[in-house]
């Protein structure tokens, strides 16, 4: 019997991760709660000035998402270290690259859903509206989520096997994600606040380029991270 | 290429127009920081290399 | 006339010595000492050129002199860290070797030191020049992120015990970091073009340039010596990790 191809394996890994997430919904709920709590903290930390609130809404949304992503990503490989699941994955005749694609896709979807869930709260707390249309917002959130997921998945695999993994993952992730944060926040702020000078397209393009660089790079290097030669 | 690199660094100075006054305290601070870095890092490296040589000497 | 010749001659000497060191292994015992001496001498002379000999500019006053220290630091960091990226690719794609890993480690540490101090110096320079210690300037931000990225790289190396995994994974992290530097540069340029910072003239007085070139050569010699010794240290540490532990002077009692 031929081992399943790249796409099929990717789908299998993706489905498995999604099933595990669904079966332990409590963790999903906790993650959502964490994101909401973070957003609330920002609200209280910044104080009441309405103008500042409106301008910062995009920034806070993405920060809350970044922090939540660290938690969800660190979990992404932790469950593989239980019961030698990662060893089993390695021994199976599947490409480690498929593991990357499946996991990164699952992480992207999770982040994206989390982001979408945060939108109504952001709109309410920070007194903004979706001036440039919901489809554009959905797109910006999607591109930003995939931007976090690709390098995040690689770093998560590395951090799981190192000491002080809880601190190491954000330490590795945050500097790398700064350009994507700039672009995500800029485009989201423009979408929420209005884009008179048509800059949003540039930022979305940049976000797309970020993904275009990182997904292939991570796809290529990932085997080095989980292989044991 | 050197002059362009340098010109790039000097760009913002031309903005204000008029002459900047004094500012030597910044220069001294900068040089102190730079020298502290040079001495501390060189020392750190030297001590580590010496420590490693001592370990290898024992073996 | 000698103004142009001096830094150029010193550069030629330094480059000659470096090539000698790299090409002829037998010279590696003493070439670094000559370079170290050159660095020390140049460092001792540099303050004269930078602080006294270079003129006080009509508009710039004196604080500009900080760049004679700031730029060489950053220049060398931008030499060392991208070299680490290249070596990392080499390690993963071409050939795994402890020498490449050790050199990567050395370049990262020296690069972080020079980049970190250089960034601080840039901040000190910015205050009298731009009025603020920090601003969203593309170079400032890219350089800052670069230092952070490689601090992460060094931290990662400390936290992995297995030498092979350490070498492989830090190479991966370095490659992702390298990609990030390019992207950060463009992101911050876009960010800045939207916030409209002004531009200025492009020609600079020759008397201001000479100390600058002089400082660059001095730091080149300095960095080479640092990297060489840090490389040797890393290689020695690697050997200790791979070699099995020896029982020192004890005979085993077999009951």
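When the chains are written out, they are named A, B and C in that same order, and each has its own residue count from 1.
Basically, a residue touches a chain if its C-beta (ideal position, glycine included) is under 8 Å from a C-beta of that chain, and two chains touch if they have at least 3 such contacts.
As the structure is a computational prediction, the values presented were derived from the model and not from experiment.
Participant: So, comparing each chain's Cα centre against the centre of all protein Cα atoms, which one is closest?
Facilitator: C
Participant: Report which interface contains more C-beta contacts, comparing B-C against A-C.
Facilitator: B-C
Participant: From the centre of subunit A, which other chain's Cα mean sits the farthest off?
Facilitator: B
Participant: Express in whole angstrom the distance between the two chain centres, defined as the mean CA positions of subunit A and subunit B.
Facilitator: Their C-alpha centroids are separated by 38 Å.
Participant: Between subunit B and subunit C, what's the gap in Å when you average each chain's C-alpha atoms?
Facilitator: 11
Participant: Just how far, in Å, is the C-alpha centre of subunit C from the one of subunit A?
Facilitator: 33
Participant: Can you list the residues on subunit A that touch subunit C in the complex?
Facilitator: 151, 154-155, 158, 161-164, 168, 171-172, 174-176, 178-180, 182-183, 186, 199, 202-203, 206, 209-210, 213-214, 217-218, 221, 224-225
Participant: Using the touch definition up top, name the residues of subunit C that touch subunit A in the complex.
Facilitator: My answer: residues 92, 141, 145, 148-149, 152, 155-156, 159-161, 165, 168-169, 171-173, 175-177, 179-180, 182-184, 186-188, 190-191, 194.
Participant: Name, in rising order, each residue of subunit C that touches subunit B in their complex.
Facilitator: Those in contact with subunit B are residues 43, 47, 51, 58-67, 69-71, 73, 75, 113, 117, 120-121, 124-125, 127-130, 197-204, 208-209, 212-213, 216, 222, 226, 229-230, 232-233, 236-237, 240, 246, 248.
Participant: Report the residues of subunit B in contact with subunit C in the complex, numbered from low to high.
Facilitator: Spelled out, the residues of subunit B in touch with subunit C are 2-7, 9-15, 17-24, 26-27, 29-31, 33-34, 37-38, 41-42, 45-46, 48-49, 52, 55-56, 59.
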